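Two complexes, one shared chain (chain A), two partners (chain B, chain C).
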Partner chain A sequence: MELFFEGLKNGLAMGSVFALMALGYSMVYGIVKMINFAHSEFITIGGFVAFFLAALFHDVLGWAYSVGMLLLCLAGAIVVCVIIAILTERFAYRPLRKKGSSRITALITAIGVSYILNGILNAINNKQLQFPTFFDNDTAFIISIVVTAALLILLTFFVKKTKVGIAMRAVSENEEAAKLMGINNNFIIALTFVIGSALAAIGVVIYLLRVPFFTFELGSSTIGLYPFVAAVIGGIGSLPGSVLGGFLIGILKEFAAVFGISAWSDVIVYGIFVIILLFKPAGLLGKDVREKV
Partner chain B sequence: MSKVALKANNISIVFGGLRAVEDFSIEIKEGELVGLIGPNGAGKTTVFNMLTGVYIPTSGTIELRGVDVTKMSAHNRVKMGISRTFQNIRLFKRMSVLENVKVSSNINMNYSIFDGIFKTKKYYEQEDKATAEAMEILEVLGLSEYVNEQAQNLPYGKQRKLEIARALASHPSILCLDEPAAGMNPIETEELMETIKIVREKFNTAVLLIEHDMKLVMGICEWIKVISFGKEIATGTPDEIKNNKEVITAYLGE
Partner chain C sequence: MLEVKNLSVTYNGNIRALKSINLKVDQGELVVLIGANGAGKTTLLKALTGLVKCDSGSFANLDLTSLTDKRTLNRFCGSNITDKLLAEFGTSEKVFKFLQKAETDETKKIKGLSINQIKRLKTKYQKYATADLLKVPSYNAIMYGVAHVPEGRQVFANLTVQENLEMGSYRRHNVLKIKEDLKEVFERFPRLEERKKQKAGTLSGGEQQMLAMARAMMSKPKILLLDEPSMGLSPIFVNEIFDIIKSLHASGITILLVEQNAKAALSIADYGYVLETGKIVMEGKASELLVNEDIKKAYLGA
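After this line comes the complex of A and B, so read on.
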């Protein structure tokens, strides 16, 4: 029974990280129908910035050490991730959109951007770095849950009830019509990338609170495809779906770890992934949209 | 003399080797109700696409309320007072009727993202005003009872009206309606005629109407322009157009 609660607790914490990261995949897909594979590198970059700041200010902050460090890492990671996301969108994806390229071109470009960023990062450094511990495990757990819940509430309100949120949904449904109703679609798309990458930055900092090891493979292989899979299981394009998917995968993975079958965790996660998609091809909360021919 | 809402000077567009529209000119004054007709493939929708910024004309200029907008992007043109509906309905299907209209209110609101996140007074004031205005438009178009319904669940005729409602929320001085009566039965068309008249009065906008239903066009338009194969062939009052030889030839052949 103790193992069960241990698994649940770790699972919720890990799930909240996956959920925050999955939202980025999901929102971007929802709006430009493109899978932004560079998202995983945004995660790595966010982690690196956090690590860098933590190493730099390790002894400076004194009594406010843990909270101050957390806020500093969050702010730094968000700013850098957002800048990289804006540049990626502006110089890699927007020109393709303008030329009306096919989705497969956009996808390959995304994979290309991902490898480029990954290659640069690994060329700089490929050692494992120890991230300092700011909080004990229980506090880190509470922070994960509270931050994720707060962000989700904020995001849901933002998308449902503000003019920009409504504009986002309009662009997502029909870009052309939205443009002709006065919506600056390029701004809205860039903003979506900004929100997605900021959430990824927050997600990775929260992750490092509990798992304090940083490598330049963090986004591409340690966390890897899990957030993407979470977005698809939940129903890509659906915000609550991504969150559900994130928690589902987080909990499955951590249960596997607690019960000593870590080696099987991928088999379990992806097995369930395949089964869910067999029965619900659009994902758990995805809308089943058939294209009219 | 009233002011000019929309003016196009000799606009042409070439696709590949095809001159889809050639030297099209039009001047619509504030509050006028004008028809644009012509046989299938004449280039009517292409004219709309140039006016609203979907296509940039190969040559010629477009002015809205006296400002040259020829090179302006579509979303900025909306701010200059042009707005449209589509030949094949393009609503935001999975959004509510109210939200569809409020998409167009976006340009009338200027609160920042942070006002939105922290729900400041400015956010509430502007959103409430936009909602009230959207409700008023929906009322005029007889869509009040569907406010929270998803757009895709509306009957066809109501969807057409919702497109008009959505176009009105950006406060246009010229409203372009692309075949609003397409697919409607005679009773619905009759109703639409009334609606267009009311909309023009109430929202103080000029209307440019593409329509195949001659009864509708002849019934409400003050003057009409006819194009065929991308070129203007006639301009005049409904009676003049009805009796114009070239127009009859264009529609029925020699």
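After this line comes the complex of A and C, so read on.
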């Protein structure tokens, strides 16, 4: 029983990280129908900025100021991730959109951008770095849950109720008609990248609170495909779906870990992934895409 | 007044979809553009709102002068200068009246503004009022008073009726005015009010067409471009849609209507153009076109 709760707790914390990261994949897909594979590098970059700031200000602030450090890391990671995301969108993806290139081209470009960023990061340093511990495990757990819940509520409110949020849904549904309403589609798409990358930055900082090891493979292999898989299981393009998928994978993985079958966790996660998609090809909360008449 | 001059569009570098189109719609007029499938009617409307790239031509909406609210003024010259102008003239309408006069008119002195500043404002205004809309990105067409109701309605199916209407007023900011207009739209389209919380995708074709038109009205356009509003609708709805267009026209809105249903369209229009394989082959008063033998044969099925 104790193991069960341990697994559930870790699972919820890990799940909230996956959920935040999955939202980035899902929102971008929902709007531009493109999988932004560079998202995983945004995660690494966010983690690196957080690590860098933590190391830099360690002597200034001392570890005692844990809350201050957390906020500093969050702010820094968000700012840098957002800048990189805007640049990527502006100079790699937007020109493709303008030329009306095929989706496969956009996908390959995304993979290319991902490898470029990854290569640069690895060239800087490829050692494992120890991220400082600001909080004990329980506090970190509470922070993960509270921050994730707050962000989800905020995001839902934004998308459902605000004018720009509704415009975002309008663009995702019909870009041409949205333009005729006076909605600047490029602004909305850039905004989607901004929100997605900011959530990725927050997700990775929360992750490092509990798993304090940073490597430059963090986004591409340690966390890797899980957020993307979470988005697909939940139904890519659906925000609650991404959250559900994130928690599902987080909990499965952590249960596998506490019950001592970590080695099998990928088999379990991807096994369930395949089975879900067999029965619900559009994901748990995804809508079947019907062609408009 | 809306004026299209020498508009040409080429598809894929060789197929000429439109060949030097010249077209005019006067303030308050309902002008109809008829033609067979593939004649280029939709392409023409899309070109006007920048959804299709043009090789040549110009498109001016000379009716911009009727946008005289304070918000437009603010956007036009900034809050600082707006305040000074308002202090001098009282209302934004009067300010615009002043700006519309050519710069050669005797220059009036305005407190806090130099004569050069006033001159520059006037030049800027003239430029805005005579802007070539072909060079404006699609998402700004609405700022020049052009609302395009696209072919196939294209309502946002997963948004509610009310959200669709809100998107129509996306670029407007006066919350009170928007609320008033929403009320007015609901009075005109009571069926939409009944269904305002429903997703637009659940509406019938005719209701979706109403929503698409109502959504366009929410931008307070100077001119409505309607692309095949009766397409695919049952006869009852076709009549209703034409009644709505008639009443919009009667309330003073300028309309450019593209229709395959030539008879119904010509019978409510003031003026008509006939488009054939990318060229305007005939034009004239709608009442005259209705009795023209060639048109009767080709489009009216008589």
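Criterion: the second predicted complex is superposed on the first by the 288 of 293 C-alpha atoms of A that agree within 3 Å, B and C clash if a C-alpha of one lies under 4 Å from a C-alpha of the other, contacts with A are read in each partner's own complex, and residues count from 1 in each chain.
Going forward, a residue touches a chain if its C-beta (ideal position, glycine included) is under 8 Å from a C-beta of that chain, and two chains touch if they have at least 3 such contacts.
Bear in mind the structure is a predicted one, so any value in this text is a computation, not a measurement.
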{"item": "Chain C versus chain B on the shared chain A, clash or fit after superposition", "value": "clash"}
{"item": "First (chain B), second (chain C), both or neither touched by A:I116", "value": "neither"}
{"item": "Chain B versus chain C as contact partner of A:L129, first or second or both or neither", "value": "neither"}
{"item": "Partner chain in contact with A:T162 - chain B first, chain C second, else both or neither", "value": "first"}
{"item": "Which of chain B and chain C A:L154 touches, first, second, both or neither", "value": "first"}
{"item": "Per-residue touch tally on chain A - higher for chain B or for chain C", "value": "B"}
{"item": "First, second, both or neither for A:A170, with chain B first and chain C second", "value": "both"}
{"item": "Touching partner for A:A178 - first (chain B), second (chain C), both, neither", "value": "both"}
{"item": "Touched partner set for A:I272, first chain B, second chain C, both or neither", "value": "neither"}
{"item": "59-67, 77-85 or 95-103: stretch of chain C that collides with chain B", "value": "59-67"}
{"item": "Chain A positions touched by chain B in one structure and by chain C in the second", "value": "163, 166-167, 169-170, 173-174, 176-185"}
{"item": "Residues of chain A touching chain C in the complex", "value": "163, 166-167, 169-170, 173-174, 176-185, 292"}
{"item": "Of all residues in chain A, those that touch chain B in their complex", "value": "154, 158, 161-167, 169-170, 173-174, 176-185, 191, 287"}
{"item": "Touching residues on chain B, where the partner in the complex is chain A", "value": "52-54, 73-76, 78-79, 83-84, 86, 90-95, 99, 102-107, 109, 111, 113, 116-117, 123, 126-127, 130, 166-167, 170"}
{"item": "Touching residues (chain side chain C, partner chain A) in the complex", "value": "49, 51, 137-143, 147-148, 150, 154-159, 163, 166-168, 170-171, 215, 219"}
